[in-house]
Structures are given as structure tokens and as C-alpha cells.
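In the two complexes below, subunit A is the common chain; its partner is subunit B in one and subunit C in the other.
Take a look at the complex of A and B:
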């Protein structure tokens, strides 16, 4: 029964060697619906998966929060569950995304800690049993591109219809634009990749302005 | 009075000479390039050179048509002495193109009349024009005007299209909207606009059902994908009502899941 021990050991070793990609470098932007074709065309030219064409996805994301009200310091732990609607056999994904760090002006991207893992569909019951509650959910449908270690997603975000019994029906898009995200998962300290991302984002201007977006400022949005 | 005119003439001649020299040197460099670098010469550099020359020509003609410039055609150049001897100064001034100010060269260089061949041709054309009947001339003018106006129309149409296109390109810089970016990012990141908190219809059950159905409501799901056992399904159903947003808040405050 040494298995759990060794698993922990190898995890610790991996942590020590800093090979776990637990940092997400992120830039975000959007493109109006009528120009999305132009953007896809440009991405097709810039990215690696030229031959296979863009990979499409259709995902449902549930955002859970676990609230622990310590006196004086209410803590909210966000957990995200994502599943593919178009590939029923695919594993589900559980993901923790930490507080984003904007850094100063010299840092080209947002950095936030991110841990994700594959899981089965029972994760929802598991989280519910733990005391997590669904905070919000949405459907993301769009395309994914790769360029080296960079991942670029162009997706339409849909709000779940309130009366639907099946996801994917009666959904409504929440804006006239596609969300564009450029991200890289890397072990901490690999800031060089951020520079690559900045250069790549530069190539998508002026079609898309990929930027560091401060969530705190968005909190005051109407 | 005369002195002033002379000064003016001198200064304008100076500026004309300077511009002609500029033009000459750029033509020379162009010729050099065409002759010696034709293998590496690319189209943009060629066009650059050409643009430079045309700019110099324009500035030369501007100088010539300037008010301050005396009318050069009213001035005459009078050769006072011709000599078959080699004139070093002249050779230097003309970069050894003209070495003697002699009888065979001077008529060519100081010519004000057209060449005899050209003069003949002009005479013929003028004669032809004078013998043309009025109606014929009118007809030809009309035909010509028609052609010109047609070409003009084509050009202006193309220009209009081009301008519309370029202005459209200028204005469509706006391919994305900052407000949309913010609303999308806020929605995905914080659930802004996605939370089910305020349900105006007061139908909590369908709403929560919608939220909780995804795990169990995979009708197309394959059996291997981990269908939930019935017991958990009922459990979820029992829990469903408490999943309404408004209820969560109060519930979690009263019964915090202490950890």
C-alpha cells in the first residue's frame, strides 16, 4: 500500500522541480460578430494547426463557489467544471483559477495560478456534497487554435435559458462579440513566454485588442 | 532699376541651375542603377527614384513659373566669338561633353528654331488643319470629347470606389468594442449577467432545474460515461431547490459549510 505515498512523493518532487504548469498567462479581447471570419482567417494563417483547420468546441461551464465564513474574513473558493457538449465521451474538467496578478506595465500579460484536472461527470455531485453551490454557468462555443505553447480561443458566450431542460437549447448570446483569449499554461517563473504572447497579440491588431484586463475595475460595470 | 533686374535674373538662374543639377544627378544615379544593379534592383527602389525625379521636375517647373522669375524667352544668348580651339574652362563646366565652342556645335546648342524635319512636319499638320472643313472638325472634336469624357468617367468612378474603400478601411478600424470585451470578460470571469439571482417570473424550480439538470440530463450520454446511480440522482433532486441563487446566500450565511 505504498502507492499513495509514492504519488504524494512524486507530486512533491514535481513541485520542487517546478515542472507543473500551474501558472496561466492570459490576454483577453473581443471581436465583433461581423469580423469574426476575418479573425479566423488570420488565425488560420498564423497558427500551427493549419492543415486540420480550426478545432471547434462547444462547452458548458459551471462555476461553483465554496464559501467559508470565517469571522471577519469570508473566503470564497471558486471552482470551475467544464464539459464538452459536442463530445459526450470526453472527460470533464475541474479547474481552479486563482487571483489574477496584473503586475506593472512591463509585464505583458495577466498571470494567475491555475490548476486543472480531468474528472468524471460525478464531480458535480461531489462538489455539491462538499457544499459548493453553482454560482453561474454558461455555454462557450467557438474555435481553438494553437501556436507553439500558446492557445487561442475564439468563442461565443451564451447565457443558459432559464426554461430549458437541455443545455444547448434556448440559449442566448450575451453580446454581439466573440470573446478572444490567448493563454499559456506554464510552470511559474517562465516569464519569457509572456513576451511571445505580446508579439503574437500585436499581430492580431487592430482586429482584436488583446489586453490585460483588470477584473477589479470590471466590478463597477453597469 | 536695371541692377535689380540683373540681380533677380542671376538669383533665379542660380536656383534653376541648382535644380537642373539635382535632376541631372538623380537621373545619372538612376541610369547607373539600371546599368549596374539591374540584378538586385527591386521595383520599390526604382519607383522611389522615379518619384524623386518627378518631384524635382515639379519643383523646377515651379521655379520657372514663379512671378519673381524673369521671362527667359525675352532674353537672347548672343555668341560673340567662335573658336575651334579647345576651351578648358568650357570643358570643365560641361563635364567634358563640350570641349570647343566651334561652328559645328554652336548652332545645335543655341538653336531656337525647330529642326527642319520637325518644322516640315508641323507645317504639314497646320496646313491639314487649315484645310479641314468646319463640320468635319466639329465632328472630330465631338468624337474626341466623347472618348475623353468616357475615360474621365471611368477614372473618376474608379477613384470614387477607391476612396470609399479606403475611407471604409479607415473607419472599420473599430473591429472590436471595448464594452463588449469587458462584458464578456466579466461574464466569464465573474458571472456578471449570468447569475440567476433575480428571477422575475418567480419560478424557482425550473430555474434551478435548469442549473442542476446538466449533470443528470445527458440523454445522449453514453453508458460508459458514468451515469449516476439513482440514489445520487434523487439526492440531487432533493438539493435542487436550495440551489437558487437567492437562497444560497441566506442559506450559506445561516449554515456555513465550515471548513
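Take a look at the complex of A and C:
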């Protein structure tokens, strides 16, 4: 029935029809530890389906980089591998996150290309064989919420402890605050959702300021 | 110390282009000479504006204003003497100053001219007019105050009168606590649809909230005393909700299960809902809204079912006619789902319908439950783990990639049972259960000898239940008991027999009946064997499916042979589903011997004699086993 070519064809067709959600609209902010309860309370009021309490997560992320060897243009390809520590039978996730486009002032959110896929735990060996090197790793633990298509995560970032210990043990928090992210994965060109995100971020305003964070500018800070 | 830096603004050095010749060379205007430019600027001075403020602004403005005109002015003033306008203006100014000086000189002498302040003429005041005016103004103010007081008094009176009636705003607050409201310009619009709960039905469920008018209030008391005191409190609600006409009235989903097509016409009569909906003003808004919401829900449910009925490919196609869906559950049995939307006025008509008694409340409830489940699933998507995963795909779907799911598995994931399929399955199960119950009950009634008891499990699902059957004989239940477990599914029965065999049966009740009868026979034979063991008899042979004898319409006869402890008596038992139980006894040796030509000696009689029937029905004993016990006992003692 199906020739091998059809898979590629259908992928191309899907790309052409623009149904693959490969753009991530993102707003970020942070909240101090002592106020996170207030923020969670507010989110419980705003988001969908919180009758059963917020969904918690506990993830471990490894960030790999693949450096291209051609001398003309040194290219660094970042790849993220993430796994859920609290759900042992969940699939691992390999994710590519592209350069973020801040855009002008009229654009309410950061837009970056994001391609993710589920994979098994052998992805780490596979990437190592490919020549990727672990750049850094961290553990994120917190809560996630949903509002329509928007996903809100409130997470604490932990530094990995000594390499010998198992992940999840001997970790130390990186800062005294929680990272708050508001993101939507959508096919490119759906800028209407960014406006919804801006309105939602507006509703969290006094507690947390969700903004377009420019990492390049952050890098210049002492 | 700060000092300002002078910034000079100069015209570009390039001269203006006068002309461009055809070969592209540009001919420039010669630059103005110093005197020419001075003249040009002097012309721009407007001597009529000499106030300080204007003077400050002037350079900027004047240049701007005149820039465009300067060319044209140059054009026609170039013929005149260049300083002409400046001279004219200066001359005018000089004249005015001279006149002023003359006037001042004359006024200073005070001989010919005196400067006196001019007296204003006093206004003639008439006291009476003033009084009238004041009186009028006061009367106006008083009337404003009086009307205000009057309005306050009436509102207070009204509040005092209607102290039992809740305030409009308090009612609105209560409404707001349970329903979604929003204000659109001057009206309050509410939404009673299930869209926030996950419904994707397109029909809107908006209603409007208004304040109940006064005339309604005055009208309602005369009518209300007739129904009773309870309704008077309801009618006095300060709030009125108006619901779109298509959501008014009462609706419900009617589920009927019919054996044959005989009832069809009576159901068709039941189709209603075309009449104009009459709104009932007596209803409290809460009930009104709840009813409307129910109407919307029923409509969505029916809409969904009808859509599925048309799309589903069933061996016997489902029919959708008007407000009815007809689906075949089993051959000869139909499930009819109807949407009954009636207004309050037709209520009596409905009650007259006799077919209402067939209405299956359980299936109706399941239908409601199924749609709510769909709603719930629409809103409660699983959260991804890890947290950066996309929202939406299920965990199973996420694992499909790493687990290398094939096309078939992926297709299986996309399949989901429609509401109609699920409700048909439930109806099928309902019928299967009913039939199984009926078969077991009738057998238990028909067959007295082994007792048949059935225990239905209380824990069951809408499409699966389980019954445990025990076949035992009264007084001998410790001796032998035949347990059976029957799983009642949607279209089939699964029976787990005593020996662990699993039998699958279709929906035909006769199959179950045959199986039970077969087991009754087996039970009797097994029980006799067990009894023989306790009585010290020997068990010689046993066959569950005896090949000899008349052919049975169902199943086979089973039999066993038993020998007395001394071996001189043999009992043969044959059990047939149709004819019942036959018991034969043989004696060896026979008590009496007559030599014949074939059997010449008595020793041959030890080989076993002829079997003789025992007429069980003439024997004493409560049941078959009791009789057998007595028989064995009598045969043992005689040896």
C-alpha cells in the first residue's frame, strides 16, 4: 500500500499546510520563594481544571551541544534531553530550541522555534556517540497549570549535586526564587495566541512580571 | 556656570537650481548679494506685530510663513523699489506717533481738552421686581427639593412594603454566584451553555437578565393566591431572565426498548415539540435556567447521537427520523432514543401516553453520563511529563515513538467509541442480563430436584456483570455441589464450568438453558457417585456423554455404574435431559436359579444378571439422591 516515500511526503505536506506546532511563544518571569504560594493560589483561580490540585512535576534536563567541525563557520547546535523523575514510565524528550526572536515592541512575546519528540532513555548514549557533549544539567521541580492552550510552569531550578549521587539527591537550589514560564506551542504564524498570553500575563501582573527576557543583555550584566 | 552655545543655522551652500537643460546640466541661480538678502529679510518684517511675545516668535514663524511666498513676492516686487514696503510702514508708524504726541501736548495744557473718567449710568432697581425674581427662584429650588424628597419617600415606602422581596442587586448577586454573567452595554447577558465545561456544541445558550417591571408585580398578586402561598414568594422575584424560545420548556431524552415493531406507531404519536413554546412566568429564575440548560444539554446529546447514527456503519443501519433514532440491539429488539422537547402546556398530553412506562431511566441516565464524560475529556487533557512536552497528546501517544508503534497500533489509538455504540452496548448488556435472569429463574422454577440458586454480583459495570450458579441437592449440599460462573457480556455469555472449562455462548437464551440442563444431569451423576463413595459402594464406570440409547435433542445422556460392597448388586443410573433419570438394578448371582439349555450351571450367574428398572417415582424419598441412598441402603443390607 504505502511506499517508503509517503512518510516523507506526508511530512512535507504537513509542513506545507503549517499544522506542525514548531513555534514556541514564551514569556518568562520569576517570583521569590516566599511569594510563590500566593502566585500558586492566583494561578489556581485563573487556570483550567485545578479542582484536583495543581499538577506537579520533577524533571531532569541535560543540555547537549553539538559543535560543527567546519572551520569556516563554527556552529553550535544545542539539544536538550529531558526526563520526568516522578513518572518513571514516561518517555524521555529530545528538544531543539532555536534562537529566540525578541521582535519589536509590538510583539508581545518571545518567539522561538521548538521541535520536540519523545524518545527512549538510550538517547543519551546516542547523542554521545554522535559527538554531543553535555554542556550543563539541572533539575526543575514545581507545578504546571493549563489555561486553554497556554501552559504555565512554576519551577524551582536545582543544581546537580556531585556526579556520583543519583539525580534527585544532593541537589541545591540555584536561587531564592522560582522561574515562571508561560508558553504555547503553535504552528508558525499564529500570532493571535501571543496576544492572549499578554492578557494572561497582565492578570498575574503584581505578583510576577512575565516579560520577554533577552538573554544576550543578561549576559552583559556583571 | 552655564552658558548657552549659539548655534547658527545657515542655508545650504548650494544654490537653487534655476533650470535643467536637456543635456542634464543644471543652471544655478546666482547667489544673492549682501544687500539683496538684507532687503529680502527686511521685507519679511511685519511691523504691525510688535508685542513682546510676538516679537520673540516672529523670526521663526515669519521665515516659515514666507519661505514659500518669498519667490513669488520677489517676482512681483522686484519691479518696485526694494525698500518700498519698509518705508511705507515706517511712515505710517511715524504719523501715528506724531498724532499721539500732539494729543498728549494738548491734554497736558488742560486748556482746550480735559481727560475725565466716563461715568457709568447706574441701573435702575425696582424692589418689587427683585422680590418677584427671588420668589420665583426660591420656588424652583423648593420644587426640586420636594420632588427629591417625594422620590426618596416612595422608594422607602416601596422598600418597606417589599421587605420580604429580595433586592434586585442581591438577586443578581445570587445569580452571579451560579451562572456566568457579563454586561454588554446596558444589558446583562448570561451564558448557560456547557461550553466552559468542555462542550463543543455550536448552539448558544445566552439569556438576558432584566429587572422585573412594576406592573408585573402588581399584576401577579391576583393570580398567585390560587396556586398557593409558595408561588407568591417566587413571583415576587425582582429579577427576570429571558431565555431564547428554542430553550424554553422541558426536554428529556426518551429511551425505549421494544421487542417488536408493534409499538412504533404509538411512539410516533409521542413526537412533540412543534407548538409555540409558552413561557411560564411563575417559575423562579433558578429553575427556569436549569430547565433551559437541560434543554440545551438534551439537544446536544441528541444531536451528537443523530450524527453518529448517520455515520456509523451498522449491519442493520440505524434510522434517524425526526426526533427519533432507532437502532437494532438484537434481532427483533430495537432501541429507540427520542428527544422530547415540550412546553409546559403540553404536559397533560404527555402523561396520557401509555408508552411512557417503557421508558428506560437507567439508559437515559447512562446517556447523560456518557456525554458528560465526553465533556470532561474535552477539558481534562493529561499534563505532559516531562513538563516541556506538548499539551494534548496522551501518554500512550507520546510513547508511540520510542516504543516504535506500528500503523495498526496508531490507528487503534485514534479509534474511540461513539456514544451511540456505547449506549447500544449497554442496551445489549441490559437485554443479555434480563434474558439470563429469566432463563435462570424459569429453570429454577421448573427443576425442583437439584436446587438451582443464582447469586448476582453486586459489583458490575454497565456492560459486564457476573452471576454465580450453584446446583445442589437439598440435604446433600455438603456431598456434592456444582458451581458455575456466567459472565454476562454485551453480546455473548461466558460460562466457566466446574471443571474449569470455558464455554462461550451467543445471545440466544436457549443455549444457556441447554447448558444448565446439561449441568443438572452431570450434577446428578456426580452426586450419585459421591453418595456411593460414602455408602461404601464401588464406582465402576462413568460416562458424561453416553453414546447409546435414543438420540437426545440436546446434549447427551450421562451414566454411571455402581457396585455394592460385596459386588453382588449393580446399580446403573442413566440421566437424560429429556426423559429424566433411569435407574436399573442387577443382582448377581440371582437369588433363584433355573437351569436352561444355554445356562446349565449356577456359577455362570455370577457374571451378572439382567438389569431391571427401578420405578423411582414409586419410591420413598424427598429427592433423587435421597431415593438413591435408600435404594443403596436396602441393597446393601440384603446381601
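Note that in this section the second predicted complex is superposed on the first by the 213 of 222 C-alpha atoms of A that agree within 3 Å, B and C clash if a C-alpha of one lies under 4 Å from a C-alpha of the other, contacts with A are read in each partner's own complex, and residues count from 1 in each chain.
Everything that follows uses one rule, which is that a residue touches a chain if its C-beta (ideal position, glycine included) is under 8 Å from a C-beta of that chain, and two chains touch if they have at least 3 such contacts.
These numbers were taken from a predicted model, which means no experiment stands behind them.
Visitor: Superposed on subunit A, are subunit B and subunit C clashing or fitting side by side?
Guide: Clash.
Visitor: State whether A:120 touches subunit B only (first), subunit C only (second), both chains, or neither.
Guide: In the superposed model, A:120 contacts both subunit B and subunit C.
Visitor: Looking at A:62, would you say it contacts subunit B, subunit C, both, or neither? Reply first, second, both or neither.
Guide: first
Visitor: Let me test your reading of the model: by the given contact rule, A:153 touches which partner, first (subunit B), second (subunit C), both or neither?
Guide: second
Visitor: Touching A:95, do we find subunit B (first), subunit C (second), both, or neither?
Guide: The second partner, subunit C, only.
Visitor: Between subunit C and subunit B, which one touches more residues of subunit A when both complexes sit on the common chain A?
Guide: Higher number of touched subunit A residues: B.
Visitor: With both complexes overlaid on chain A, does A:107 touch subunit B (first), subunit C (second), both or neither?
Guide: neither
Visitor: A:42 contacts which: subunit B (first), subunit C (second), both, neither?
Guide: It touches nothing on subunit B or subunit C.
Visitor: Touch test for A:130: subunit B only (first), subunit C only (second), both, or neither?
Guide: In the superposed model, A:130 contacts subunit B only, not subunit C.
Visitor: Which partner does A:198 reach: the first (subunit B), the second (subunit C), both, or neither?
Guide: Touch partners of A:198: none, neither subunit B nor subunit C.
Visitor: Once both complexes are aligned on A, which of 3-11, 57-65, 93-101 or 165-173 in subunit B overlaps with subunit C?
Guide: That would be 93-101, the only stretch with clashing C-alpha atoms.
Visitor: Output the subunit A positions appearing in both contact lists, the one against subunit B and the one against subunit C.
Guide: Shared contact residues on subunit A: 83, 120, 140.
Visitor: Going by the contact rule set out above, which residues of subunit A touch subunit B in the complex?
Guide: Residue list for subunit A touching subunit B: 28-32, 35, 38-39, 60, 62-63, 66-69, 83, 88-89, 120-122, 124-125, 128, 130-131, 133-138, 140, 157, 159-167, 174-177, 179, 206-209, 211, 213, 215, 218-219, 221.
Visitor: Touching subunit A in the complex: which residues of subunit B?
Guide: On the subunit B side, the touching residues are 173-178, 180-196, 199, 201, 203, 206-207, 209-215, 217-222, 224-226, 228, 232, 235-236, 239, 243, 245, 248, 252-253, 256-259.
Visitor: Within their complex, state which residues of subunit C touch subunit A.
Guide: The touching residues are 379-381, 383, 385-391, 395, 398-403.
Visitor: With touch defined as at the start, can you tell me which subunit A residues reach subunit C in the complex?
Guide: 21, 48-49, 55, 57, 59, 61, 80, 82-84, 86-87, 90-93, 95, 116-120, 140, 142, 144, 146, 149, 151, 153, 155, 185
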